[in-house]
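Heads up, there are several structures right after this.
After this come two complexes, each holding subunit A, first together with subunit B and then together with subunit C.
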Partner chain A sequence: MIPAALILLTSLLFPGIITKVKAMVSGRKGPGLLQPLYDIYRLLRKGNVYSTTTSIIFQISPVIYFATILFSVSFIPFGDAPGLLSFQGDLFLFVYLLGLGKFFLIINALDAGSGFEGMGANREALYSMLVEPAFVILFGTFAMMAGYDSFYGIFSHWHLNSSTYLVLSLLASYILIQIAMIENSRLPVDDPKTHLELTMVHEVIVLDNSGFDLGLIQLGNAFKFGIFGALVANFILPEHQSLWIRALIFIGVIFVFAVIVGLMESFRARSKMEKNPQFILTLSSIAAIAFLVALIITNKLI
Partner chain B sequence: MISLLIIAFGVTLIYLAVAERMKTYNTLIAVQGLLLFFITFIELGSLDVWHLVLILLETLVIKVIVLPYFIHRLLIKKGGDRPVALVVPGYISLTVVSTIIFFSFLLSYLLHDQQIQVKYFTGAIAAIFTGLYLIIVHKQVFTHMMGYLTIENGIFLLSLAIGNEMPLLVNLAVLLDVFSSVLILGIFIDRLEAFSTLDVDQLEELKD
Partner chain C sequence: MVNIFEAITVLTLLVYFVPVRWKQPLCLVLSLGLAFITTSWAIESFTSETVNQQLSMPFWFHNSVLVIDKLTAFFLVVINFGTLTSILFSRGYMKMYESTKRSQDFSLHYFFLLWLQIAMTLVVTLQEGLPFLVAWEIMSLSSFMLVIFESEKKEILNTGIYYLIQMHVALFFVLAAFALVEAKTGISGFDGLAIYFKTYPSIPMFLLFFAGFGIKAGFIPLHSWLPHAHPAAPSHISGIMSGTMIKMGIYGILRVVSFLNESLMEIGTIVLIVSLISSVFGVFFAIFQHDLKKMLAYHSIENIGIIGIGIGTGLIGKALGNPVICLLGFSGAILHVLNHSLFKSLLFYCAGSVYNQCHTRDVNELGGLIKKMPTTSMLFLLASVAICGLPPFNGFISEFLIYKGFFSGLDKNIFISLLFLGGIIGLTVTGGLAIFCFTKAFGIVFLGAARTKKTNHAHEVPSSMLLPKFLIAIPIVLIGIGSFTLIPFIEGIATMYLPNGTVAPINLISPILQPLSIALGLFILLLIVLFVWRAFQQKSVVITTGPTWGCGYAGLTPEHQYTSTTFADNLKNLSMSLSGMKTHYHPIEKEDIFPAEKRKYETHQVDELEKILILNPSKLLLTVMLKFTFLRSGKIQHYILYGLGFILVVALLTIVNAL
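This part shows the complex of A and B:
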């Protein structure tokens, strides 16, 4: 219960910290930490406006998207304490749940019947498809090293005392931060601030959503950041410490993660649309190198 | 620690495949030199002073400082940092280099020799083939030079992979080779000024 509650609570502040860091770096005061939350609250109180061209899909998609993200939160463990749900192979269910959420967001965009949204859905589908191998190769490597294919099994057998694990933790953190940036449609793949529909990826998909639905999607995005932050934190959490110390470390890691995302967004330009696939594929290649190194270290081959 | 350095070396190969600016190539080659220095320094802990000084000279001084500086000067002289014309799309190069790394791993694993250290051998073969690939797909003299330097870094790593100590003579020969080739290519690039291009295709106009 505690890990899920911690993830949900910390991820609520995530967008606020990113905006604050970006504002401070560019020399502005910026809105308060809770401003994105107020925005979501305002949206959640409003009713929905549905276009007459849309069908039932458009109405259920945001709810399903939000539900898949909430469901995937329940798999994330907390150091050596299991998550709400934990079983053999939950790793793959996690990946497919995020994929299912993306799928409903994409058909949500297609259902609206706008040309721009079709284009955005196309890009979103391509990028999510390309980023999946990186995540699966990375966690496949860890599953091989630990001998378990559930999140809890992997993280409870993750010992930071040897240098091999330390190296792989560093690599995993790097890849997971980049994956989080891509999955949440941030720089350099997508710019959340852009105002031109032609260059949008995620923003254009939710162009027709309004009120409660839009609030759910934005809340879901914040939770998604929290999930990836929690995964990074799990690699760093020490064993055999009291719950409070680990909770503090967890919150600290999430905070540092948010600050890193804010800094990366401040000093990075968005790449050209055609360069995105190669940028995302690079992550898969790096994950594959980690896989090979793990094979060499553990002496496991066929 | 060694695995971290080898991973970093592999990552530089992957970024070499997708690099687009001349400066990026230069920096990546310099980073490779630095990684090689640390790898040798850790691996060959018990060396006599002169041997160590020589390796220091070869990796740290020449690979990290002299050659990148020389190439940097050359770039400035030729009009600064410019994008490299990519003939093959980046993601195809990326796939090819990843495949190269994977197959060099398989190769070194299947050789299964007591004398061969798998991680160095993988890195070395991968670097050699990545260098060859860079030379094949690019159409500029500059990137040919970069591919050549990548191959040289691979050979340096290869000398580590086989046997426990660096064969001094091999190293010296390779070093001399690289030094002269970079000098010759540098002069070559410099002399090409009359054509105001480094594109190999354009050089066909040189014929009678």
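This part shows the complex of A and C:
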């Protein structure tokens, strides 16, 4: 229970930390840490405005999207303690559940019958297709090294004390942070601050969603960041420590992760739309390099 | 029992003698009879031992033995279910032809539909060479007759002939393979294969079979008949052909590899690579189609690829002597045969319902159908989610098994590691592209606003056309959630591929799938809780409606929506010329500041592989052949002379040979 609760709690603060860091870097005071959370709370109590073009799909999709993310949290372990649900191959269920969420988010956009939303749907479909291999190759590498294909099996056999694992941990953290940026449609693939629909990816998908549905989608996005942060944290969590120390380290890692995202967003410009696929595919090739490195380390290549 | 089976094959002629409205029910009754008999054999062979039944049919089938082992039993279930839903669906679907088609056309159609079922049953049960080939040929011919139901349209007849020719190329490969086996071992059919593989090199013989069965199944680059034949055929025929008949090719491959004991690694690698190419390019080409049924046809190629990936993985597992990889691969492949037969026929029936109501298959002319055909739309959505391999439906289970097979083999050796990594990437990319394709298909056809007037008169299809769809939807959901109860049967079939000398791990897969089923159950529970929460929340707030947000522009029309072509545009740009997309339009000149006339912008996709492999060689062949038209003089004395010349040449050759 504790890891899932920790992930959910920390991810609630995640958007707040990012906004705060960005504001501080650009010399503003910025809103309070709890402001995004309060926005979501307000949305969840609001009524909806539905477009007359939309159908039932528009009403069920946000719930399904949110459910897939909330459920994915339960697979994430906590160092050498398993997640709420842990079984052989939970990795594949995790990836495919996120896929299910995207499926519904895309048809949610197409349901509004607007050109803008079609554009966002189309981009989201392409990017999520391109980013998936990176994640799977990365975890294929770990599964190969650990000999397990569940999150718990991988992380409980992850020993930071050897330098080879340290190198791989760094590579993995880099790739995971970048994947998190793409999955959550942040810079450099998408700019959440933009006000021009033509340049949006994620924002334009939910252009017509309102009230409760929009609140769920935003909450889901926050949780998604939390999940990836937790995955990074799992590489760093030391073994054989008391729960409190690990919890503190976990919160620290998530905090640093959020600060890094904030800093990256402050000093980075968004790419041209047509450069995005290249950028995303690069991650897959880095993951493939990690795989080859792992092959060398485990003395299979030579 | 076997006598009743034979009696029903004769009774199929009755279809010709009943009035039109009784043809479909009669066909259904006869098909049910066949299904009842063969399914009872299947159950018997599943519960106890292999069933043997001796036929007493005349001609080729005289004294042939029907052998029903577990693999056959599984395919019998797939065949029967596929045919029954197809016949059920045809009741409503064929109504639109009643005013234009004659009674004989319906007779022919239902007669060959029954014979397709009989032929497929025989294909999976007969073990001897010649009877197998005859059944195979009956299957091809009856499906040809079914494809050309609308033969008064010239392009449909041409497509039918194209299909017929390709099927005979396939037949030639299988025939050659069987002939070689019989020549070398003296035993015809699959039994001879066991001996052949022990003494002679396996790879060339396997490739011969793979080419023959691969054309039927539709592996790339042997796939080119599928995208033509499926759109041409009536939808219930597309459903049975794509869902069931192409699986006969898979059956052939599964049967042949069960005898393999040598060169497993090479053959496994070949199958895996061909299948990976098929799955990725199948779905890739599917994205660029705007004919709904053509898109589904390309998806069949993708799914055949996924089945092949499972077979390849299983073979490599066998070569490694690793029962776990072997079982996971083959179980995934066999389960995917069933899964694909379910969701693909459901998709074709939904596409057929759309065609039935809107009389177009061009997705760019559709839109907003979910408001007019809600049940069909939701069933299409269910099948789309299933075919993308997304949880909680059945497609996910088979892909899960194959993934698990790959991950179990990653730490074996460098070659296997890289090969399996390639497999994992291929499978992931396929999944991502499938999501791309089906969100597009579902979104463009059923969501948004109607793009043309063709959807104006559409409404939900009658319950006779919904019933078969619901019948298919039930197992899709059940296999997804309750996979661990079904999997021991599948695993039981896969044990026949286990490496020699290894002990079958009893019930290996079921314990793996059990927690997965629990997780999926919990996920559905979570969904229900969230929906209840949402329902409560919605009661207490004000719900209003308005137009779609247009960024302040009030003149939005349905034409501003994304179409199938524009949705695929970013992928087209990314893949450059690989997609084979061709556009035709009249460009706007520089001085055309206010272009007045409405311009056409057309795109279509060219299958480059088909062009290289089929169209260009046949064009070349034709130019050579045309040079010899002078021989075709039309005078009988010339033809007699040719005959005489031929006999002389043969006689001379015999003399030369004797020397």
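Basically, the second predicted complex is superposed on the first by the 299 of 302 C-alpha atoms of A that agree within 3 Å, B and C clash if a C-alpha of one lies under 4 Å from a C-alpha of the other, contacts with A are read in each partner's own complex, and residues count from 1 in each chain.
In this text, contacts are C-beta pairs under 8 Å (C-beta built on N, C-alpha and C of every residue); 3 or more make two chains touch, one makes a residue touch a chain.
Values in this document were obtained by computation on a predicted structure and should not be read as measured data.
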item: Subunit C versus subunit B, contacts on subunit A by residue; value: C
item: Contacts of A:Ser162 with subunit B and subunit C, given as first, second, both or neither; value: neither
item: Partner chain in contact with A:Leu100 - subunit B first, subunit C second, else both or neither; value: second
item: First, second, both or neither for A:Val293, with subunit B first and subunit C second; value: first
item: Which superposed partner A:Leu170 touches (first subunit B, second subunit C, both, neither); value: first
item: Which of subunit B and subunit C A:Arg123 touches, first, second, both or neither; value: second
item: Partner chain(s) touched by A:Pro277 [first = subunit B, second = subunit C, both, neither]; value: both
item: Subunit B/subunit C common contact set on subunit A; value: 277, 284, 288, 295, 301
item: Sites on subunit A touched by subunit B in the complex; value: 163-164, 167, 170-171, 275, 277-279, 281-282, 284-286, 288-290, 292-293, 295-297, 301
item: Subunit A residues within the subunit C interface of the complex; value: 44-57, 59-60, 63-64, 66-68, 70-71, 85, 87-90, 92-93, 95-97, 99-100, 102-103, 106-107, 109-119, 121-123, 125-126, 128-130, 132-133, 136-137, 140, 143-145, 147, 149, 197, 207-208, 211-212, 274, 277, 284, 288, 291, 295, 298, 300-301
item: Interface residues, subunit B side, partner subunit A - complex; value: 1, 3-4, 6-7, 10-11, 14-15, 18, 89-91, 94-95, 97-98, 101-102, 105, 109, 118-119, 122
item: Subunit A-facing residues of subunit C, complex; value: 367-368, 370-371, 374, 381, 385, 388-391, 396, 399-400, 403-404, 406-408, 410-411, 413-414, 417, 421, 424-425, 428-429, 431-433, 435-436, 438-440, 442-444, 447-449, 512, 515-516, 519-520, 522-523, 526-527, 530-531, 534, 537-538, 541-551, 556, 558, 560-562, 566-567, 569-571, 573-574
